[in-house]
Structure formats: structure tokens, C-alpha cells
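Below: one structure, written as C-alpha cells.
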Amino acid sequence: MTTNPPTRRRVAIITACTVAGLVVAAVGGLAIGPTIGTWHVVGAALAHLGLGHSTLTPLQWTIVWQLRAPRMVLGLLAGAMLAVAGATYQGVFRNPLADPYLLGVAAGAGLGATFAIVNVGQSLTTPTWTPLLAFVGAMGAVTVTWLIGGRRLRSSTATLILAGVAVSSLLTSAQTFLQQQSTGSIARVYIWLLGSLASASWSSVWLVLPYVAVCVAICVVAGRALDVMSVGEDESRSLGVPVRRVRFVVIAASSLGTAAIVSAVGLIGFVGIIVPHIVRLLVGTSYRRILPISVLFGAGFLVLADTIARTVLAPSELPLGVVTALVGAPVFVVILSLRRPVAV
Amino acid sequence: MSQVVVHELSVRIGKKELVSSISLEIAAGTWCTIIGPNGAGKTTLVEAVAGLRAPSHGSVTIGRKSVSSMSERERARTVSLVPQHPVVPEGMTVYDYVALGRTAYHGLFRPPSAHDRSVIDGVLERLSLGEFRDRDGATLSGGERQRMVLARAFAQSTMVIVLDEPITGLDMRHQMELLELLKTEVADCGLTVVATLHDLTLAGQFADRLVLLDHGNVAIDGPASDVVRSDELVASYGMHLRVVDVDGSDVVVPVRK
Amino acid sequence: MFKPLRLVLALSLSVLVLPLMSATSGATTHGPQCIVSLSPSATETLFAIGAGRQVQAVDKDSNYPTTGLPTKRIDSLNPSVESIIGICKTSKTHSTHKPDLVVISYDANSIKAKLTTLGVKVLVQNAPATISAAYRQILQLGRLTGHLTKASSIVQSLQRTIAADTSSIPSHPGKTLTAYYELDPTFYSLTSTTFVGSLMKSLGIVNIADAKSTTADFGYPQLSSEYIVSANPKLIFLADTVCCSASATTVAARPGFSSVSAVAGGEVIGLNDAVASRWGPRLAQLMNALTAAVKSALKNSKLWP
């Protein structure tokens, strides 16, 4: 029996469910936590809308508004950006294994952050340099990758990927060398690399928001172009798509947004590669649908994972990358077994 | 009035010159098939006509405008391509695949307009693909799939269509079907066809004109009935060929001696 | 004719000299001559008790005292047996011999077993759990290096200081002095089962990490900003001022922390990372800092509305 691609109605239902899940996750991110009863928070939120009265102490309100709220919003931004960047990369490279860190973003950010953290102890840098150097490292790495593998006239996506592998290997070994020279900082570097939303504040949210907003918008709008490009470079060109230009814009937007997120929260894995696949299994292979739904799904998914990460072993927190994998992998397997997987 | 003018075209890839200083003129509304042994440069030539390979020397002009100077969108509205190994993405409906042909008209940021949609519907009708509209394109049989690729090329509403080995892998019936569809389009809409074909008989039966390519050069260029009987053809293929008349059509037969 | 005579003379002289050499070397210096310290706390102790000249190599993190440390450094997290064995050179013969004593606080690369099979004496001095255990380590080093007298006087002086500090805290019925002790900006803390924790406990401090730690933490649990803000400690100690530039200002800038009592009351105390994490003779310094903080907090009216 041939399965037809999902109908519009099915896609609408899935979109609605995703939005609902996102809202629930967001509310959970605010209300659920180890130190305040969940319903008290919900009650306080309603009180602010004029219904009933709040039972939270000022200290508790501070926790909700200054700690949980920016953390939840940053989680939404990070999940949305990583998911859409991963989906975009998968579309541009026509490779199901592509993730947002493919072209060196992770290695570059890791090197930058390691350099910053190692040198704080030597009083050469301050902790505020860490996100900045991570960002510079990430964008620097992608730029070098593009210069090596993307500029030649007949460069293919394969040369870009290979360039990314080369650049990543080089930068990762440089990072390892730095770490070895300063073993006292290994734990701190490792914690940064694992990725965490624990340091979220409203200022980091405002800092990251413009990048994420612009880059997510560019990626989503590129959905139609990615659909055309799924027939390969030559055929896309014959259909009128300026392939190299589209590729450049889309890769630049994904990389920039990912670099901004990575500099704020470290290297959160799994979201960028698996969320697009989950969405693809649900709504089919058209990037016009995959991209916007990945934005919503990724946002809710990461906030859900973060809520689990910070409550299960409170006050300790599980590394976010561990939780995303533990939560996401079974979900992926279930959906995989229910439906024939569709190739990228 | 020539629609496609190839002027001293040379295409070099790496160190190798695949096509050397070729000049051709193809009139509008005619069918020109490029024949020749493997490695003669047929694919490179037609890709250059479609604007996919930049000439290292010379030019290709369509309707008096140089193909290399056109923007991507303009070129897509001028010449369409049916490649030798088309990529049919999984999960894309036949309708959406054929609709890709209208990309150059509505652009990358807008959905197909009402006019676009009517063109797509018309093409699906003409190529008998209506019943497959919502089917996953990758699930079609060989013959149906090739019709779908042709439909996408037709949807581009171009004056020139370039086809690279369009009937490879199809059974006889589907081969004839596809070529007849093209012939009808040439007759009804004045479409200019530039194609490459391995099958010398079919090449001769459908084309108005044959161009024999050998090692990147034009060996002979003329009406189909002349070229199939030429000495250059025998020399180029390096084997014995006989042309037999069957009910008024030329059939080219390889002979084992 | 003279040659054999000269030879006999030279031989007999050297025979006479050798026992003299060993006798003198035994008389002027006693105890191990070549000590390798892979523990920064042990390094501080060794230099304080007068055994500094016997220390030929230290680990990369040993940075106190500021002068007099040997130039040879070993990576304590990834030590190489071969480089440790080749450390010692005697000035008279210029040949190398094994170290007489290697002090470690952490057995990396199974270095203890490997050195012991090569006949090197290895002393393991892990982070102590109590103050008395710390004293015992200082005395042990004194015994093994032949500086027991100096070591004892250091221990006695520490005991006096700590006793004086503890008793100088005024009684404070009704005031619970909660504190958060920070090891790094990702909220790693320590409980009262650690030696610093036990120092704090002896001063009457209630450590907010105690309530939430499990045996799996080994005394060093990781807290969260939400937990700390919710516990609202009256005192915050920062042991990450050097590694991570933590200060009262950076703590106040963290989301949610400006409303914490310690921050609002100005009782965020920065400690030098090394002083706060080692159990050598500078314990007195750490104790003084903690005591001063407790006294100041008890008098601070902003903390006790």
C-alpha cells in the first residue's frame, strides 16, 4: 500500500497539538520547581490577571520571575533556534545526519569558551568574556569552513561538510591542548560544554533574542527554496533557483543564530538533529511545513527537558543534553515504528 | 529564424576540453537530436545549451539573448531541462513536483498563483497524470515518473526544452509514448527540442535534424534521413550499420559481420 | 717506580674518605633528602615546618609559599612515574636516584602502586574530613621529614587560634546564621562533613547545603540558584574569587540574588581560593576570615529584622 504524504488536515491537527504542547511546557517551566508548589504559582499568575489573589511571598515571586521566567524563555529561544537550524542544515545538505554544529560552530565555541575560562584563573579574562569568545569562536570557525569549502565555483555540499570536519577536528584538538595545560579548570570547561540553562537572566534573553528572531525568520521563509533544492543542485538551477546564494544566506542565518544560542547556553545536543526528524515523520518532507513546526516543537521540547533536568534530582541539575537524549530518543523510536521513515 | 544559436562553443572541465568549438543553429519549433558514441560530449553540449555549464569559449544564445547573461529566473523561463538521472524526492506529491516548474514565475517566497495553478492542472491533464495528483512521486513506475519529469519541464512554459537521454530504462511502449508527447508539443506549441538519444532509429524517426558528435566535435549535421545514411556515422560508431525502410520509416540496424 | 706507590696511596685515601663522606652526610642532614609533593596543602606544610630544602619537585597547582618553590613541576592529575623517578639529583655525584618520599592527595594513574613496587615511599594525604585529621597530617609530615618539633608547634598554634576564634563568637539565641559556601559559579558547595564545613559548623554556622546533600556527593553537592535564593542565607562565602572572578558585585548581578539576605545585607565574603581549599598551616587564616564574617553578620542589623 502506498502511503500518501500527509494531508493538509493532518498537518493542521499536528500543528495545533504542537502549539498546545508548547503552551503546557511553558507553563510547566514557570510553575514546576523544587521550592514552590506548582498550583501556588498558577494561582499567582492568575492573580496578576485579576483573578483571585496570590499566595506567593515576595521571595517566591522573585524566584518565579527572575529565575524561572528568563530560563523558560531562553529555553524556548534555544529549542526553537537549534531545531530550525538543524532542519535547515538537513535541507541544504540533503543529509539526515546534519546538525547545527556541522560546520564547526561547536568546536569554535568550545575553543573560545575554553580559552576564556582557562584565562580567568590567570586574570587575563573575566567571566563575561566567555559568551563573547564562544560566539567569536563559533562564527570564526564557520567562516573558515566556508572559505575552505564553499567559495569555489563548483563546490558541492560534500566539500563543505568535509571542510567542517577538518576545521572542527583542528579546533577541538586545540581546545584539548588548552585544557591539558590548565587542569584546574577542566571541570568548569566540561560543565560549560555540557550546556545548561541555569545561568539564564533577562539580560541574556534580550541579548540573544534579536539574533534568534531574525535567524529563525530567515530560515522559516527559506522553506520553499529548500523544497525546490531537494531535487539537487543542477536541477534547482534549471528551475530558476540561485542555489549558491540561497545556500549562503541560509547557512549564515542558521550558523549565526546557533552561535548566539551556544554562547549563552553552551552545547546542547540532540535537539538540532532529532527534532527535525520527529517533525518530518509527523508532517512529511516539505520544508515549508517542517521548518515552522520544528520551531514550535523544539521550543516546547527543550523547556520540557529543562524542567525535568532541574526537578528530578533537585537541587542538583542533570545536564540538559543528557535529558534531551533520554526524553527524545524513546519518542523518536515510537514515532519511527508507527510510520515508515521518509528520507531527507 | 534561429531560436538556439551555439557559436564556437567550447566547454572545458578541469584540464579536459569536452566540447571543442561547436557551432549550431536550431530553428524555432524544430526538433534537433544530438547523437554519438559514449564520451562524445553530448551531455556536456546540451547542459551548456541549458545554461548549466559555463562555456570556456564561445556562447549559447536563445532568442538572441546569451544564456550566460540571463539571471537564473529568466533562464528558467527560457529553457527547461529533463536530466538523464532526475532526482525525485520521497514524500513529494506529483502535483508539488510538477509545481516546481512554476518556481521561476512565482518566486521563492510566494505560493503558485491562480494562473500558475491552471498551468499545472493543464500540464497534468495533457500528460495523463491527473489521477496521480496526490500520490508520492517516488512511488510511480518508470514510465509514469518520466512523464512527471516531463510535466515539470512543460510547466516551465519555456520555448526550448533540453532532454538528456529521456527514454533510457523505459519499455518500448513508454518510450514511444514519451516521444509522441514531445512531438505533439512541438507541433501544437512550437516548442524547440534539443535532445540526446542513444537509439539511432528513434532519433531518426522523431527528430527533424540530427547532429553527430564525435570527441567533442561535430562530425555531421543535417536532416535525419541524410545523417543516418552517412559514412561519418559508420566511421564514428566504428561498426557496420544498415538503414532499412519499414513502412516509410528509417530503421537503423547494427549488423554483425 | 712512583706510579704503583701513587696508586696505592690514592686507593687507601679513597677507602678512608668514603666512610667519612657517608658519616658526614648522615650527621648534617637527617630524613629524606628528595621529597616530591603532589599536594598543594602538603607543599605548604612542608615549607612551613622547615623541610622546604628537601622538596625537589612539586605539582603544578602548588603556588605557596611564593618564594623558594622548586622549579620542577609534575602534573598531579596525569603524573608520569618515569619523570618522578628521575627527579632527584645529588649534587656530589650528579647521578639520579629515587625520591625518598612522594606525597600525594589523589591517586592518579595508580601512581601509588607503581611507585611502591619501585621501592619509593608514598604517603597518601587525602582531604581530611575533620580538623583533627588535618592536624594529624601536619604531624605526620613532621615525623617523616625529621621536623616534628616545628610541626608540633604549628599544630599547637593552630589549635590555639581556632579555639580562640570559636570562643570569641558571642552567643546568639534566636538567630540562625545560615550560610552558603560557593566553590564555583555553577553552585558547587560543600557540606559540614568536609573540613571547611566542619570549621564553619564549629562557629555555629548552619550550612544550607547540608539539608540537600546525599552520600553520592562525597560532601560536595551541586546546588541550584533557585534553592539558594529560596534558602535565603545570611552569609555567602565565595571560594572562587581567583579562578572565576567571583565577587560581591557579580553575585548581586545574578538573577534573583539581589533579594537574598546576604546580598542585601552586604555579607558576601570573598576568600582566596587556595586558602579556602587547603588544609595546611594557612588554616588559621581561613578560620580568622570565617570568624570575622560570623561576628560581623551577628552584629548586622539588616540581617535580623
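Order of writing sets the chain letters: A, B and C. Residues in each chain are counted from 1.
Everything that follows uses one rule, which is that a contact is a pair of C-beta atoms (placed from the backbone, for glycine too) under 8 Å apart; a residue touches a chain by one contact, two chains touch by 3 or more.
Model, not experiment: these values are computed from the prediction.
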Set of chains adjacent to subunit B and to subunit C:
A
Going by C-alpha centroids, which chain is farthest from subunit C? Tell me that one.
B
In whole angstrom, how far does the Cα centroid of subunit B sit from the Cα centroid of subunit C?
82
What's the distance between the Cα centroids of subunit A and subunit C, rounded to whole Å?
42
For subunit A, jot down the residues that touch at least 2 other chains.
none
Would you please write down the residue numbers of subunit B that are in contact with two or more other chains?
none
Contacting residues of subunit A [partner subunit C, same complex]:
33-36, 58-60, 62-63, 66-68, 70, 120-121, 123, 126-127, 180, 183-188, 191, 196, 198, 200-202, 310, 314-317
Using the touch rule from the top, collect the residues of subunit B that touch subunit A in their complex.
47, 50-52, 72-73, 75-77, 79-81, 83, 86-93, 96, 100-101, 103-104, 108-109, 111, 134-136, 139, 152, 156
Residue ranges of subunit C touching subunit A (in the complex, touch as defined):
60-61, 75-78, 184-187, 212, 221-227, 229-230, 232, 242-245, 250, 254-256, 259
The subunit A residues in contact with subunit B across the complex are 2-5, 221-222, 224-225, 227-228, 230-232, 234-235, 237-242, 246, 284-286, 342-343
